[in-house]
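The chains carry the letters A, B, C and D, assigned in the order they are written, with residues numbered from 1 in each.
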């Protein structure tokens, strides 16, 4: 078996996988008595056909980038952080408190403050499972799952009993002050002369997410901390030999992971709703797992996977809006995309390799 | 034309039925959208408004905030929101006095109970459901101040609306504590509650839609919240929808205990009389049922 | 707390613990063979749907069970294809299966029944009725023991008894049979099994098939016994709790019984005591509903310590010397 | 693939030649892993009842060839004949049926199973375990008596010494009634005593008419036990000779393609000031067992101190304490400065700062990250070195790659590709990579454990030269090895460890293997 050329490995195989996933989705759509070509058309034009569609796609993608990065950072240290959802919700609490209780003079100061609070709260929610893993060996998969449940109960309590404005039915905080409203993507792109729909929740956080991708990439592959993190992830005994402390790495990796998950709340809580509602993360923490796995824990991969998932979300919303297809179809398509690009990857790669092998032979 | 959520056998399904009825009668079409995420609330409203839909109806207080933002952007479009008050010139806010309806079914529950213990199972633990609970408890205590009301909530996440297994487990727990009438205000979870009650051979009370037919002879009544009527009226009014707050109370037929062939055998004349009396009392103001959400407190425990 | 209350809480424990137990044993077979299975949730969910759907259409709960098991096994097979044959990432595959299940059940449910993804309510023979064990009536009068027998031991769905019987059966298969020996070996060191001339692939597929069957029973129990019909997402995270229980149980069958019943008990208790007032202190509902999760963390940190999973878990088997 | 002609000839020959046909015969075996041609047109015949040795450089393709024979890999071309019959071996099951058993270099045992369970695995008698186990227990007893293969059948594998684990592997093969036994570097991890015992077992097996194929890097073993020997080089079989008609020197040359010095050449040491002082070092492991019972020792600049001893007598713990990743009590001084041994203020990083480099015994688990590229492994442990950083925050990866390329050149690491992952190098080259990293730090003290385990003789020569070169540069070296040969030829001073203590120190020129052997067995009185 020859090794595949890089382009085939990085582009051809995933694209083929996605094509197969969509082909099967089409069969599913046929199966429930709808027209797949029509449906795909709506999805693509709705998700990518206009700056409006792109706006939503990027808005969702921003969420997934943060949670995906969060999962990836921990994953490089072989820690499986399933708690991204809870950490994101706690991050939302941080954002809400920062936005409500501190009188910010302008949006970018508010953004700084709220980001710090989001990261801090998210990290704090990851700290306990991290500490238990590092010191007590408690399985981090379970503790982070439990902390998701605990976090959502905590937020429920706080939103219903503490933060809910008197007389309001809605278990949510009051609206944040005007000064904390983040500029949306259209006004930012407008500065550089790119017309972009101003009807979407995509906001400046997208750029922060891009920055986060870059920083995580630098952190993991270009700093000594990242080096130690990866070394620990590959072999704990070897890390000890090299004087890399398992406790410290576990703690730092999870704190960074939690902070990244928490940062997601800048996007949805501050950038979109302008208040903290119940279950604000909406499962983005779990999508983050899929995104990280699909993106092979590499920031660039995560960026692409996030956009793909953002597109599926937005395209799916359009589909649900203009047809009678239940929105769960999107779940199915997502699942198939994850399955084929992530888990059944070799099913595509092997034949491709065989083809390349034969081509190589004929030429050589 | 829009709706949010569907097929929970109570609240949202009622809205859908209302819309259906209108569509059948008028021969016109409506568009329904079930939202999947918070961000879609705003998106959907705007898209529908842009597409020329008028009026646009939405169910659930969660839309209130978003509607406050969207409504001014589309001054020509009429909106209707159920369960919340949105003060905009083109919005009709429809609110129900659930505490009154719950009070009435509370009276029935207390009268039907032999053990003096009745149950309440709420869905997600939020103020709206406390409003049901509080009205119910007041009704029960008005019949017999010593009666016990066991209160349970399914959970604290939206999953609490969709966990019939837990609902049935809670109901079984309440049965074992002696409850012989259980009021379920829990969306899809309620299906499990009614099932467990039927299995346990006790009575249950449905909510929002008339659920008496689910287990004939075993559902004492349903606290109907005529969202269907409300939505029907909204659609019927069309673009001429009157803005402002529309209170769907007992008097307006917004809430009522369901009486039909399925529970006819269960409702004694005495019960009927008591309910009628209380209805009158509430309508003329001589009986005041406290609304939990005004101060987040309930006068009876 | 009266004796009655204790019995009724334990009774509820058994009902709530049974699906966890079945799923946990499913996970046990799978993970003992070296295949991580976070797709328990999804397999239960499809089984819950198809069993309810078929039971509704045929009016026969047993046919429902068959359908539930079959659908769960189809999903198990997809997982096997991804993680055994094509050596993909087992976690990704599991995540995908969970999503697929939650989407496809509603999609098909809506297509078939037009009820927004749920099935119509089951009644009569379409549900597993509770079976009364012999003498339950007769012994009812005996103080304490009678109550325990009548309420706690008797009067459960047949699937509950199946679940409990699965525990000794699993133990026996795992530790007393050739298949069990090979299964345990393949989860620890597949190379040892391979060089001993036994097919790693076949072993892992059979483990996954057993997991499929058990998840199928678990899902069927949820929709055709505990509840009367399928509801969206009705597994409500039970697959994940079962996984937690599995780690808790250190991948052993009897411990699995203990762990799942503990989770069942925590759940039952928090259902029963949703708010507690201790003098001035009011413990809110939200706290009580989080108690099982908090306790899990505490127990894990305090008593269980490091759980050592099967060594080859999660790794696709690639030959090397 | 087999031609009709050859199989036809075989078919006619078989009935008459059943006694004289080779036990096993390979014809034209080729196997490629991608671009690597691991085996190239290899033919070999081994006579029944003989021991056949195979030697060759690291990566020559020995293990690959044997794995093909055992059905673990599928050959691209060629055929296999067992007892004169062409026998397609497409999986291990087929190999077992053909009477072939294999003891892999890395044992294929289930670590938490008992000996009995491991032996029965895959060869059970029925669906139930009970009868199989009791039958195996009986058979095990008779096998043990027959071949001196004692192991406790109820002990779990992880509690057995490597030597005993290896016996389990042999028993597994015999239990499956193997007539042909392949052993891949069986003595790599064995102590001399264990190795001797193994050879007694092999001799017994040979006497019973079994055929044995033995892969090893140790020419002494080849000379001692084999009847015939084949030499492999770069995927090809370069020679097959009768052992009695060859010499170690000739074999070494066939193997490496040039003359090899089988003895270390070194000038007498000129020890300087004391670099390392260890006083009363004690280690208690996590089970509460005392592994070091008060070790005192010193190493001077420009001197190699060798620690001899049977594996498991505290040498590993000593290296770990000195390397900073096992906690101890006692004193440790470097150049007169007291260092922490409690583990509270020290770790592998502080040790490196203090001028101690460490080539660990277990390179695959400790010394290298197998998934890391060569250049990353060269930075491993020294990744905090300011020289590897750029503008304080980022690591200078490009410079590291360049530096690694240079080091690989100097240490003759093959292939010299800094971006190749460590796992893709052969064992000897992995070892060179670690050595390059540690030696080129120019440490005051080099700790080095089992430097040549699993390494071919060409590489051994090179590694020994490097160690001596470092000594001559005035550095202190502490060498731990279970190979007495290596200790005797490299060390300037020898300390023998037994049961967590230093039994005594000797000068190599004033002692012999017999005396050291007694010390290693804990017999101080007689030796003194």
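Everything that follows uses one rule, which is that a contact is a pair of C-beta atoms (placed from the backbone, for glycine too) under 8 Å apart; a residue touches a chain by one contact, two chains touch by 3 or more.
Because the structure is a prediction, the values reported are computed rather than measured.
Participant: Taking contacts as defined above, which has more of them, C-D or A-C?
Facilitator: Top pair by contacting C-beta pairs is A-C.
Participant: Of all chains present, which has the mean Cα position farthest from that of chain A?
Facilitator: Here the answer is chain D, farthest from chain A.
Participant: Could you state the distance in Å from the CA-based centre of chain B to that of chain D?
Facilitator: A distance of 75 Å separates the two centres.
Participant: Which integer distance in Å separates the CA centroid of chain C from that of chain D?
Facilitator: Distance between chain centres, rounded to whole Å: 46 Å.
Participant: If you average the Cα atoms of chain A and of chain C to get two centres, how far apart are those centres in Å?
Facilitator: 29
Participant: Need the CA-centroid distance for the pair chain A / chain B, whole Å please.
Facilitator: Measuring from centre to centre gives 36 Å for this pair.
Participant: Where in chain D do residues touch two or more other chains at once?
Facilitator: Where chain D is concerned, no single residue meets two or more other chains.
Participant: Show the residues in chain B shared as contacts by 2 or more other chains, in ascending order.
Facilitator: 125, 156
Participant: Mind pulling the residue numbers of chain C that touch at least two other chains?
Facilitator: 116-117, 237, 286, 289-290
Participant: Return all touching chain pairs.
Facilitator: A-B, A-C, A-D, B-C, C-D
Participant: In the complex, go through chain D and note every residue touching chain A.
Facilitator: 34-35, 323-325, 347-352, 358, 360, 365-372, 376, 379-381, 383-384, 388-389, 393-395, 397
Participant: Where on chain C is chain B touching in the complex?
Facilitator: Those residues of chain C that touch chain B are 4-5, 8-9, 11-12, 15-16, 115-118, 121, 222, 226-229, 231-234, 236-237, 267-268, 271-272, 274, 285-286, 289-290.
Participant: Which part of chain B faces chain C closely enough to touch in the complex?
Facilitator: For this pair, the touching residues of chain B are 6-8, 13, 125, 151-153, 155-156, 159, 162-166, 168-170, 172-173, 176-177, 188, 191-192, 195, 214.
Participant: Taking the touch rule as given, give the residues of chain A at its contact with chain C in the complex, in rising order.
Facilitator: The touching residues are 28, 31-33, 80, 128-129, 132, 136-139, 141-143, 145-147, 149-150, 153-154, 156-157, 160-161, 286, 289-290, 293-294, 326, 328-336, 338-339, 342-347, 350.
Participant: What residues on chain D touch chain C, complex-wise?
Facilitator: Touching chain C from chain D are residues 63, 67, 70, 72-73, 91-93, 95-96, 102, 104-106, 108-113, 117-118, 120-124, 126-130, 132, 172, 184.
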